[in-house]
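Next up: the structures, one after another.
Paired with chain B in one complex and with chain C in the other, chain A is shared by the two complexes that follow.
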Partner chain A sequence: MTWTDFAGLVPVLILLGGAILILMAGAYRPHYRLFILAGISIALTACGVAVFSTSAVKEVSGIFRCGPYADFFMALWSLLGALTLGISFRYGEERKFAPGEYVALVLFSCVGMSFLSMASSLVGFFLGLEMISLNFYILTVFHRQSPEAPEAGMKYLLLGAVATGFLAFGIALIFAATGTLKLPEAMSGMVAGGQIVPLGLLAIAMFLVGVGFKLSLFPFHFWTPDVYQGAPAPVTGLLASGSKGAVWAAMVPLGAGLAGGLAEIVPLLKALALLTLATGVLCALVQDNIKRLLAFSSVSHMGYVLIAFLSGGLTGERAVIFYLVTYSIVVLGSFGVLACLSTPLGEPRALSDFKGLAYRSPFLAAALTIFLFSLAGIPLTAGFIGKFHIFYSAVRAGHTWMAIAGVIASLISMGYYLRLVFLVFQPRTDSPSPLAVCQPPGNIAVAFCSVLTLVIGIFPAPLLKFVAAILSP
Partner chain B sequence: MNELTFYPLLSLLIAIPLGGAFLCVLSRRSSGLCRWLALLSSGAVLVLAGSLFRLPDQTGWLLREDYAWIDTLGARFTLGLDGVSLLMVLLTALLIVMAVLVSWRTISEKTALYFSLLLALEAGLMGVFLALDLFLFYICWEIMLIPAVILIVVWGEEGSLPAVFKFIFFTIGGSLLMLLSIISLYYLHGEQTGVFSFSLEALRLTKLSGSLELWIYLGFLLAFAVKIPLVPLHIWLPDTYCKAPTAITLLLSGVLAKTGIYGLYRFAFQLCPEAAAKSFAWLSIVALVTVFYAAWTAFGQSDIKRLLAYSSVSHLGFIVFGLSVSNRTAMEGSFLQMFSHGITMGAFFALTAMIEERIGDTRMERLGGLWGRAPLWSFFFLVVALSSLGLPGLNNFVGEILILAGAFQSLPWLGAVAVPSILLAALYILRLVRHVLWGVSPAGLIWTDVGRREIFILVPFLILMVWVGCWPQTFLDPLQQVAGLPFFEGAVALKGGVLP
Partner chain C sequence: MRPEFISLIPLLPLGGALINILFGGRLSRRVSTGLAVVSVALAAFMVVAFWSYAAGGGTRVELYTWIEASGLRVPLVLLFDSLSASMALMVTGVSTLIHIYCLGYMSREKDYVRFFVLLNLFVFAMLVIVLAGDLLVLFLGWEGVGFCSYALIGFWYREGRNADAGQKAFVMTRAADVFLLIAMLWLFRIFGTFSIPDIMARTELIPAAAATPLVLLLLAGACGKSAQFPFMSWLPDAMAGPTPVSALIHAATMVTAGVYLLCRLFPLVMLSAQGMAAIALVGILTAGYAALCALAQDEIKRVLAYSTMSQVGYMFVALGAGTLSGAMFHLYTHAFFKSLLFLGAGCIVLLGGENNIFRMDRAARRNPLVFGTFLVGSLALAGAPLTSGFFSKDGILTTVFSRGSGLYELVWVLGSLTAFVTALYTFRLLYLVFGGKEKTRGEIPTLSFSMAVVLPFLAVAALFGGVINLPAIFGGNETLRHFLEGPDVIQGFVAHREEIILTALAVAVFAIGWLAAYGLFRRESALRDNMASRFFRSGFYIDQLLETLFQRPFRTLARFWDRATERQLFDGFFSGLGNMTFGGAKIVRRMQTGRLSTYLGSFAWGLLFLASFFLCCALGG
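Coming up: the complex of A and B.
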């Protein structure tokens, strides 16, 4: 390993160094607003460096792979980190978040996401995943006065630790079966004579449990609503977007293996996708708490991504990555709206709190409407283009039934997304709303997300080209 | 096509309402300004649409526009105007102006939002009637739903939410299936030719096996049949029509229903001609069932809005019948009838809005004996009613007679079955007229005759009814060359079918 190897890692190093500096500065002279702004500028610098980086595909110390693919995700996660800090601006100040620790932890988790996305070996995979998880164990309970935080933190920690155990065991078994930790060789090594070796089957099962937990696939999704509900809104936003997206980013290069000898487990994964979709959609339909609704909605969206992932090929990979980008922005934006609407007394809870929002905070109402439309996959938003690609990849792969299942799930999901939109536009005649009033320009991060959602929805070509370019360098 | 192609006139038809909607949002402090802005921009669209009225060339197109859009997908921003879309664009532009005028006084709160949504709806409708790229069409198709449902939820009657959800569930369910059909066509065409495109003209050349074509056709058919609606997909309709503010009901019945018929002809028939030709027998039977069922149900209604809702469905069924008897005369009649139906229904719901403005609801028992009290209003009501039941000399007669003449040429038996439907229309319409205009006024009915604004709404309708009724040639001329019809006929003839 030489100094030149670090060239591809510069954005991560900026995040890492910045986070450490802020953490240390917090010990001496904590200043919330200044630290948040510093954190945002560090993240944006990392994002800018990653965007303009021209590093060639190259292995670094045998566990990470630099190159356009890694650069793309480093830029995305840094941007998400900056946006998360942006939506925490007022939220964290009102709740007296410890500035140094908060900003540093958010940046550290972005480092973890970047590591995970560029993992080229199971060691890097585990390292990145654990770096994300450890940060989120703390971030979930960062608002110590919140009555729901301890339950959420405890659930996440216990279940997460068990999942990590499964994952570590799975990785160990993979190593035992194949003698390598390199990806994707480790995965293809488990196939002998067109069949998965017995040890490999156990290894994959263990691996799937660990990954399924992080992605909240059925039946490992039970933690999602409780943790989402208890964690501070900006943290939930990052948890729902980045931490899941990074796992997918690491999984996409493994997808090629499914077409080969691992085809045996495809029916199982298909069933998982359908069950995940059904669980997410049907449970979201009956929720009355906005964060639980978004939690189940995120479960269902993981089902869509799994459909695209199973479709495989360049189309499937493109669909997964495009969906991840749009979904991350939209989810972070919606939690940003929740953060903006939070008062020092608490966050928005019941859906009925949103009634009449359009006439009190038109800006936030418009942003929320755009996000919900995008989640529902209504045209002119990024979500529609994303769903279009997912259905297209499924049809192209011959999985027409999966596409039809996706269509049915979309239809049911209209029930809860549009119900919320209608509430936002219905005039409020009864009691005053407990939500904070937010006048324009509201929150820059939320505005950025909503504009981006529309722009990608109307002119998706540049992003599509970009995604195609990083997949076939 | 001609020199006007250099000006993006068709894009303007979409852009002007959007600009108007934006201005309305900006000037939300003053309701008066919003109203005038809405009237001005919708009026400008009407003038522009009127100025496009001309005869088509050999290809059938009056105007076309084509811009690059999402090149990675092969989706382009392609708009085209032929005789059928011209009539639909005119109708949309006219009815939006009328909807603005109808809601002039009734909408006093959140005016800016109301009028901007109305204009956004107009932009979506224009997009649906002009798009020649399936991706663009699908986007406009879904987008026009959003302003419509928000308008119903916020300004509709109490308890409109279940009705709206029924509406959404049916329409979006249909359109998502259509999306799958579009994706499949797009994929198959790309595989066959190596060119990935959403252009209607390219996709209709896709070679499809029989069963696959049938599935794709069904996806389109369901989406459009929900919107029209054909029995049994109509169950969303009565509640939605009744709970919506009357200006929106006017648009739902006058224009939104036409998007279904238009889509059926423009996309479903063109893209899957063989499956379409096979389905004609079934489609015409379903259409006739719709005609009779809706007319029968209309007869039993006691609420004017509900009666008109069913009457509208019955007439729309007749138009679909005209499309599905595979005869050119009947097809022309159907296109003309789409326009006529919009005029009549628009006028009917405008009159209903006036009733609602005066007495607060639309139950028939609250009305009666208006002929003596408000002669001018009653005159308009009578003329519109007569037009609706197909009186010669008024608009509906022309379309109906063309459809029937065509039907008798190709399917005499079905034509014979269709004739009594006109009788049924006379039954329920005359019952309505008798209740409203004659009989005894209920106690305490206070009724002022039409004012200046209302006359301004009704007179254009009246002129158009007489114009179409007495000189239909003006509106039939643009239909002489309908783009895509030769292609469709050719495709059907190739497969051994006939379309005389």
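Coming up: the complex of A and C.
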């Protein structure tokens, strides 16, 4: 490893160094607001450096690759980190979060996401994934007074450990089958004579269990609602957006093999996508708790992304990345709204708490409406463009039925998204609402997300072009 | 100035409306109403400032591409030529005066922000129609005008009658818009573009058989907005709106949109002689019908509404006779005197305390300003010699006479008879409103300054508006006609002597009408209630006819579909679908036990599922 190698990793190193500094400073003089602001500025600096960086090297240590693809995701995850800290501003202060640890853990998980997205070897993949998971094990239970936190943390840790076991075993089998951990080669090495070698099949099965857990694919999704419900709202936001998005970012290069020898597993992925969609959509339909609803909605959205992923090709890859970018923004914004509405006594729970929100917090109600419209895929929002490209890629790849299933699923999903919108705009009854009214710092992050949702929804072309450019440099 | 700034003409009223929508509630009354007036006045100023761009072939300004899909490209194009520039000047000028009038008229209104927002939006939409260089953009303005008209007629929506009138106007004009839409799509099919100049430049591409149906479709579309036969019965009911709205929308601008549309597409209209004959026929029938109806109305605003319909009918006659400048000339003079009459009527109703001309106080006659200006407006409407209305109406009838052939001779006779009826009902109105015994009601309200101040301006325009297109025998040189350079087919081959006779005839018709009115209506008992007057007052029972012909069968049919299919079939189907989904959801939900062992078990099952799939793959392959 040389100095020029470091140059490609500067944004990650900024995040890492900043996180360590904040962690150490926290031992001396913890000041919550100051630390959050410091964390935000570190994340934004990393984001800015990533945007303007041009790395000389293609790969670092044979584990991480550099270039526009890596830079894009480093910038995106740093931005998400900054937004997460933004929506934690009041939320964490009211719950007396230890500032040094909280900020450092959020930044560390952004480092993990960046590493995961950059992985060019299964070692990097595993490292990044575990770095995310370990941080989230702690972040999930960060609010120790919360009655739901221990259950959520325990479930996440146990199931996560099992999934990691599967993943590690899968990677070991891949190495056994191919003799390499380098990414394009390891995948293509499993194909011999137009077919996947038997050991490779077992390896892929193990690997899929591990990844399926992280992405909440059916039937490995059961932890999602419990963990989402128990974790603090900003953490859930990052968990639902960044940690899943990073896995997809790492999976996109792997998907390149699907068109070739790995085509055998496409029917399996189709089945997984359909089951995931059905479970997510149907379970969300009967939820009364807002965070569980969003959890099942995120399960269903992973089903949509899987459709684009298995469609493959430049169109499919573009659809995956476009969707994960917009979905991350939207979902973080929605949890931002939840964080803004939380009082020291608790977070919004029942859907009926939202009744009449529009008359008390018009701004948050408008933002929430934009996010819900985007999740439902209604035109003029980013979600519509994202879904359109997913279905387009599916039709182009010949998976018309998958597109039709996706359309039906999003039709059903209108049921629960729009029900919430109706509640928001219903006149209030006299019972007092347990929700807080909005206050500035968190609002800035929410406003940013909602404006971005609309801007991408109305002018999607620049982002689409950019995504296509980083995919084929 | 860059030609792109022409877009400011419609954008200024839009901006005024947007600011008032967003912040109107927080601004003071003075600021928000002032903004509405100033934005329209500035738009009028911009039209004047850009006047030079209208010369020659005019200026085309392409702002940006609105729609671009394979094969369809709709740029947002503004067309600023002599026709649209002069129309825009009239629209913005009259609108400015009416906005100023509204400051006083609506001074007691609590909901003034909504009123001025709608008024500004209306001006915006009207200017979009006028300046549109593209049929699709024109159609946007067309619908926008329809919506604003609906919202303003029903402005006092708490009274069910007003809301009904708004709905009636909206539904009837929308019904006619369908024909315009069909015509537009047909044109797109022929030309592959919606651009008006492109279509007008290549009218020879239209197949001969398609010309007449196209013109008839356009005519039907124009009839909706312009309240011509058979889409006319919404206009009298539209008087439910505030009076300045009637002045602006239902006299000066929106009802002339149909005329303007036909003028805009005049080269196309001229392709079909049958189509032109139909236009003239529709125009003269409506003109005569409405004049007769106006004769028996007992509300001042309904008289004016029917007279508007009748005058717009004359404009259609002019188009049918092939004179674009004649139609536009009458459009402008009518805009002046009719908005004057409506604004005057607003004052009269305010002073008289009553809309009914038989019951109102005659207080207005003691206000010389109102009396004088209303008299000027009436004289112009009745076609008194040397007023603006005289020149424009006489010009139309002269052109019709010069066409000669059988149908146009009939139109000319009917037109002259209608002119007589027009003079008759106008003087009836004057005698009933200002003549007769005075009834006192005690205190008479005073007119606010802003209401009074606009009347003289409009009166001057109504009196001397004729100079913009003075015919040769009065020493003029037909300025407007040369400015528009309309593709007039008739180059005025009426002999000098004939023209003098026709002019003398017009004077005679006016005089006879006046004398007849003097004899009949000096005393207010006449023609009050007999079968003929009831027939005229109800508008020939057209509403009742429409009710039996269309609405009742439609309602019956709708009720049938509602009962038979909607509730039974579709509601059952969709709620069944919904219930099925929820049922499925409840089953799937049971898997979510919350127990860790179930979750771990699902891992095992999942792996088993994956592994067995791959086993099948391996064995099968």
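The definition used in the following text is that the second predicted complex is superposed on the first by the 466 of 473 C-alpha atoms of A that agree within 3 Å, B and C clash if a C-alpha of one lies under 4 Å from a C-alpha of the other, contacts with A are read in each partner's own complex, and residues count from 1 in each chain.
Basically, a contact is a pair of C-beta atoms (placed from the backbone, for glycine too) under 8 Å apart; a residue touches a chain by one contact, two chains touch by 3 or more.
None of these values were measured; they are calculated from a predicted model.
Peer 1: Chain A superposed: clash or fit between chain B and chain C?
Peer 2: On the shared chain A, the partners clash.
Peer 1: Please work out whether A:Tyr359 is in contact with chain B alone, chain C alone, both, or neither, and reply first, second, both or neither.
Peer 2: In the superposed model, A:Tyr359 contacts chain B only, not chain C.
Peer 1: Could you tell me if A:Val286 is touching chain B, chain C, both of them or neither one (first, second, both, neither)?
Peer 2: second
Peer 1: I'd like to know which partner A:Ile196 touches here: chain B for first, chain C for second, both or neither.
Peer 2: A:Ile196 contacts chain C only, not chain B.
Peer 1: Of the partners chain B and chain C, which touch A:Phe425 in the superposed model: first, second, both, neither?
Peer 2: first
Peer 1: Does the superposition put A:Tyr392 against chain B (first), chain C (second), both, or neither?
Peer 2: In the superposition, A:Tyr392 touches chain B alone.
Peer 1: Report for A:Pro219: first if it touches chain B alone, second if chain C alone, otherwise both or neither.
Peer 2: The second partner, chain C, only.
Peer 1: Could you say whether A:Glu264 touches chain B, chain C, both of them, or neither, answering first, second, both or neither?
Peer 2: second
Peer 1: Just checking: does A:Trp401 make contact with chain B only, chain C only, both, or neither of them? Give me first, second, both or neither.
Peer 2: Neither partner.
Peer 1: Counting clashing C-alpha atoms after the superposition, which of 27-35, 99-107, 189-197 or 315-323 on chain C is the one that bumps into chain B?
Peer 2: In the superposition, chain B collides with chain C along 189-197.
Peer 1: Can you give me the overlap between the chain B contact set and the chain C contact set on chain A?
Peer 2: Correct list for chain A: 415.
Peer 1: Give every residue of chain A touching chain C within the complex, in rising order.
Peer 2: It is residues 154-155, 158-159, 162-163, 166, 195-196, 198, 201-202, 204-206, 208-209, 212-213, 219-220, 222-223, 225-226, 264-265, 267-268, 271, 278-279, 282-283, 285-286, 412, 415 of chain A that touch chain C.
Peer 1: Note which residues of chain B are touching chain A in the complex, please.
Peer 2: Touching chain A: residues 69-73, 109-110, 113, 138-139, 142-143, 146, 149-150, 153-154, 161, 164-165, 168-169, 172-173, 176-177, 179-180, 183-184, 186-187 of chain B.
Peer 1: Please give the residue numbers of chain C that touch chain A in the complex, ascending.
Peer 2: 578, 581-582, 584-586, 588-589, 591-592, 594, 596, 598-600, 602-603, 605-607, 609-611, 613-615, 617-618, 621
Peer 1: Which residues of chain A touch chain B in their complex?
Peer 2: 358-359, 373, 378-380, 384, 388, 391-392, 395-396, 400, 403-404, 407, 410-411, 414-415, 418-419, 421-422, 425-427, 459-461, 464-465, 468
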